[in-house]
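One chain, subunit A, appears in both complexes that follow, with subunit B as partner in the first and subunit C in the second.
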Partner chain A sequence: MRRWLLPVALIAAPALADPSTPPAALANTQLRDPLREAKAQRLMETLRCLVCQGQSIADSDASIAGDMRALVRQRIAAGESPDAIRRWLIARYGEYVTYDPPLNGATWPLWFAPVVFLVVGVAVARLSFRRRAQ
Partner chain B sequence: MKRLLLWLPLAGFSFLFGIAALGLIKPADRIVRSHLVGKPLPEFRLPPLAAGKPGLTTADFRQGKPRLLNIFASWCIPCAAEAPQLLRLKAMGIPVDAVAIRDTAPALAAFLRRNGDPYDRIGDDRQSAVQLAIGSSGVPETFVIDGQGRIVLQHVGDIRAEDVDTIAAAVKGAR
Partner chain C sequence: MIAEAGLAALWFAAALAALQLVLAAAAVARGQEALVGGVRPVAILQGGFAAAAMAALIAVFLASDMSVRVVVENSAAAKPWIYKFAGAWGNHEGSMLLWVTILGLAGGAVAILERRLDARTLIATLGAQAALALGFYAFLLFSSNPFDRVSPAPPDGLGLNPLLQDPGLAFHPPTLYVGYVGISVAFSFAVGALVTGQVGPAFAKAMRPWVLAAWIFLTIGITAGSYWAYYELGWGGWWFWDPVENASLMPWLAATALLHSVTVLATRDGLRAWTVMLAVVAFSMSMIGTFLVRSGILTSVHAFAVDPRRGAFILALLALYIGGALALFGARIGTVRAGTTFEPVSREGGLVINNLLLSVILGVVLIGTLYPLVAASFGVQLSVGPPFFNKAAGPIALALVVVMAAGPLIRWRRDDAGQLTGRLTWPIAATCFAAAALVAFGPIPVLPTIGLSLAAGLAVASILPVIRRHPLRTPLFTWGMVVAHLGIAVSLAGMASDSAFTKETLLAVTVGQPARVGPFTVRLDGIKPVIGEGWSALEARLSATRDDDLTVLRPQSRFFSTPPTSTSESAIATFWDGQLYTVLGQPDANGRWQLRLWWKPFVTLIWLGGALVALGGALSLIGRWRRERRARMRDYWA
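Presenting the complex of A and B:
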C-alpha cells in the first residue's frame, strides 16, 4: 500500500487544484457564423492567457483562458468589434494582456529598431563593397 | 583610436553581463495587477450559491461602509490556506463578501464547513465573468472596496498573517 501512495498522490494533486465544473459553452465550441468565428479566432490568438503568461488564450488549456475565449466569442456574437473587446481587456489588465503591442513610449524601439538595423546594414554593406571595388 | 576599439568587445560584454546580473538580483515583477484600482467596481449581479446566503451585486458595495471582496473557489488550495486570515479580518469588524469562481453548491458547502465561513454574501460566477470584469487574474484575490463602491486596494494571492494589518489599514482609510 505504502509504495503506491506517491504515484497516487502525483496523479491526484493536479486534479484537486482545478475546478470540476464543465467549461463554459463557448470556451471550446466555435460560433455558427464562420465569419464571426474567424474574427474571434484572430483576436484570441493575440490575447495573453493571464495565468500561463507565455501562451495566447487560443493555445491555453487553463480554465481562465477557456472563460476568456467564451467572453470573446459571446461579445463577437453580440456584434462587438475585436478592437473594442481588446480595449475592454486592456482597461482591466493593462497592455500586458495583448500580444499586439500598441505604439507608445515604451514600445517604440520594438517598432523602429528593425528599420534602424536595416539602414545600418545597408550602409555597412555599401561601404565594404565600395572598399572591395577599389 | 585602434587601442580604444580594442576595449569595445569587453565594454559590450560588461554591459550585457550587468543586465543579466540585474535580472538575477532583482527579478521582474510577474504579478498581474488590476488597472481598475481607484476606479468604481463594474456593474454585476450574481445569483446565490450557498444555502441561506444571498448572491452579490455591485449595489451591496455602495452602502457607505468599506467591505472586502474576496475572489475564491472551493477547488483552490491557497484559498483554504488564507481562510483563517479572512476570519481574523471578519473578527476585527470588517465585513467580507465573496465571488465563487466556477464552483458547485455541494463543494462550496463542504469548503465552508471545513475552513470556516467569514462571508456575508457569496455570488456564483460560473464563467469567471465578474473576475474578468474587475481585472482579477486568479484565485485567491482580495479587493478592498470603499463605501461608495470604489476599488481601493487589490491583494493578489493568499492573505498571509503579515498582510492582515495592511488590509485592515486600507479598510480603515477608506470611507
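Presenting the complex of A and C:
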C-alpha cells in the first residue's frame, strides 16, 4: 500500500498544501441520532456559506462551510433549537447568513409581495370575465 | 488576421442592423410596404455577419492564438479541443457574442420564414429586432470587444475555469441562449404589432411557432443545466434558487404563460393587450437576467469578468428597451380594440387562471432575486434563498398543477362545473389513492405528500384528452399538450420523491470499510491516482451492493493545473428506481477518506419530465406546422 502513497502525495500536493487545519469531524460526518441529524440538515440547507457563490453550507466544499456545519451539528446535538442557532448566527454574522430572511422592517415588502401579487392578479383576471357579471 | 476579420464582421453586422432599422422605420412611417423586399435581405445578411464573427472567435480559440486577450485569459494551448471550441463562449466577451449572434440569426430566421404576418407588421418587427441587436452590438464593440489583442503575446494562456471543463459547456450555453435570446422574436412581434395596431388571431398564429421554438430550447437548456449542476457541484442538489438559475427560469415562466395566452388570442381573439404585454415581459426577463449575470453584481460561476462600466451599459440598454416598449404599449394599446371576454367556467377561463398563477410565480421569483440587491443599495445585507422561494412559490405552483389537470378537460366558450367535476373523477380518485397510500406507507413531510398525490392526479388527467380517441386522428398538437403536461407530472413526482425519500450518508472510512446508504452497502476498495488532459486526480473504487447486485463507482477528487483548482467529480449509478450518488472528499490525518453518499429514489424523473415537456413542445410545433402546410396546399389547389 505504501507504494502508491508517494505519487498520491505528489499529485495531491495542491490540495494537501492547504494550510487550514483539518475540519472538525462533524463538518463531514452525521450525528448518530437520525432525528437530530435531519433537524441539523434542514437548518444547514437554509444557512448561507459566507464565502461561496450562492451555496448553502449544506452543499459547499469551503472550509468555513465545514466549520459552520460542525457548529450546527454540535449545537443540535447539545439540544439547542434550530431557531436559537439561527438567531445566534444572525447575531454573529448578520442577516446575510440566513436564506430564510426573518420578517422585520426591512423584509416585510418581500414577504407580503406574493400576497399582493395574488390579490392584484385576481383583480386583473376578473376584468376578462367582466361581461359575465352583467 | 482571423481576429481582425471577426471584428470587421461584427462592425458590418452592426452597420447592417442600423440600415435595417432605418429602412424599417422609413417603410412603416411612409407606408411603403414594398420595402419589405429590401428589409428581409438586410436582416438575413446581418445574421450572417454576426455568425461569421462568432465563427472567427471559435477559430482563434481552436488555434490557441495567444495574441487575443480573451484566449489568453480563458484558454490554454494544452486543452482538449472540445474545451477550446466551447471555451469560445466560456467567458464574458464570447458569451455576449454568442448572445448577439443568436439575436441576429433569430432576426434572419424571421426574415426568411415568416410568411403569415402582414407586410407592414413584419417590417416593424424586423425593425424592432434590429434596434435590439444594434444596442448589443454597441455593447460588444465599445465595452466587451472579444477580438482585442495583447502585445506581446504570452507563451500560454491562463486556462478555463475547471468547473466549466465539462462536455456540458459545449451544449448548455448555446441551447439555453437559443431559447433565452430567441424569445426576442416575441418581443419584436409585440412591438411590431403595437406600431401597426394589428393585434388579433392572425398575429397570434404567426407569433405562436416562434414562442414555441424558443420555449422548447429554453426548457431543454434549463433541464440540462439543472442536471449539469447536479452532477458537477457534488452535493446532490439539482436546483438552488441561485440568481443565475432564476434568470433562466423567469423568461421560461413568462414564455409558458405567453404560449397559453397566445392560444386564447389565436382561438378566441381574447387577451389581446395581455398577450402583447407578456411578449414584452418575456424578453425583458431575458435582458434583466443578462444584466444580473453579465454586470458582475452577482458572484457566480456564470459571472466572468467584473467591470462596473459594463453593468452600467447593459442597465442603460435595459432601461431603453424595456422602457421604450412599455411606453409604446401605453401609447398604442388604446388603438387595440378590447378582445372578447369570457365565461368563468370555460377553457379560456382556465387559461386566464393559468396565466394569473404563472405571473404570480414570476413575480415571486423576480422580487426574491432582486430583493437582496435592492436591500444592499439601502445598506442592508440579507439573503433570499430556497426557504423563501419554496414557501412563496410552492403553494402557488401546486395550485397551478390543479388548474393544469382540469384545464384541458374544459370546453371552449362555456362549460358546466358539475360536468367538469364528473370528467375529473379519475384524476381525483388517483390523487386520493396516492395520498392515502403515502400516508399509510409511512409518514413523509406534508409538501412532498401533496406533490406526489397531485402528480398522480395530473398524470391521469393529462392523458384523458386522448383516451378513447383514435391516436392517429388526434391532432399532433393535442399530443404535444398531453406529453408536455404529463412531463410536468413526471418532473413533479421526481422532485417530491427526491425531497421525501433521499437517504444521505456522510462519513470517513478506511479502505475496505463498508458503509450503508438506503438499500445499498458501499465499500471503499481503494484509491489510485489517475491522470487526464490538464488534470490529475485521486480516484476511489467503490463497490455498491444491493440484493447481491454489484455496481462499481469511481468518484474522483480532481486537481487542475491551469488555473490551479480542485473539484470533486461525483460518480452516479442510475437504476430504474433512482440514482446512487457518490463523492470522494479529502483524506484526514488518520488515513481515512471522506465519502458522501446519497440514495435518491426516482430523482431521474425530474429531468425525464423536463425532456417530456420539451418533446411535447416539439410535437406541438410540428403539428401546427403540418396543419398550416396542408392548409396552404388546399388554398393553392383551390
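In this text, the second predicted complex is superposed on the first by the 108 of 134 C-alpha atoms of A that agree within 3 Å, B and C clash if a C-alpha of one lies under 4 Å from a C-alpha of the other, contacts with A are read in each partner's own complex, and residues count from 1 in each chain.
Simple rule for what comes next: a contact is a pair of C-beta atoms (placed from the backbone, for glycine too) under 8 Å apart; a residue touches a chain by one contact, two chains touch by 3 or more.
Everything quoted here is computed from the prediction, not taken from an experiment.
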Contacts of A:A125 with subunit B and subunit C, given as first, second, both or neither: second
In the superposition, subunit B vs subunit C on subunit A residues touched: C
Which superposed partner A:D67 touches (first subunit B, second subunit C, both, neither): first
Subunit B versus subunit C as contact partner of A:R32, first or second or both or neither: neither
Which of subunit B and subunit C A:A91 touches, first, second, both or neither: first
Partner chain(s) touched by A:D100 [first = subunit B, second = subunit C, both, neither]: second
Partner chain in contact with A:Q53 - subunit B first, subunit C second, else both or neither: both
On subunit A, positions contacted by subunit B and by subunit C: 53, 94, 96
Sites on subunit C touched by subunit A in the complex: 233-237, 240, 242-244, 270-271, 274, 298-301, 341-344, 348-349, 352-353, 355-357, 359-360, 363-364, 367-368, 371, 375, 378, 380-388, 392-393, 396, 504-508, 511, 527-529, 536-538, 557, 559, 564, 566, 568, 585-586, 588-589, 594, 596
Complex interface listing, subunit A residues touching subunit C: 1, 4, 7-8, 11-12, 14-15, 22, 25, 28-30, 41, 45-46, 48, 53-56, 58-61, 94-101, 106-107, 109-111, 113-114, 117-118, 121-122, 124-125, 127-132
Complex contacts: residues of subunit A adjacent to subunit B: 16-21, 24, 50-51, 53, 63-64, 67-68, 70-71, 89-94, 96
Subunit A-touching residues of subunit B, taken from the complex the two chains share: 30, 32-36, 73, 75-77, 101-104, 107, 126-129, 131-135, 137-138
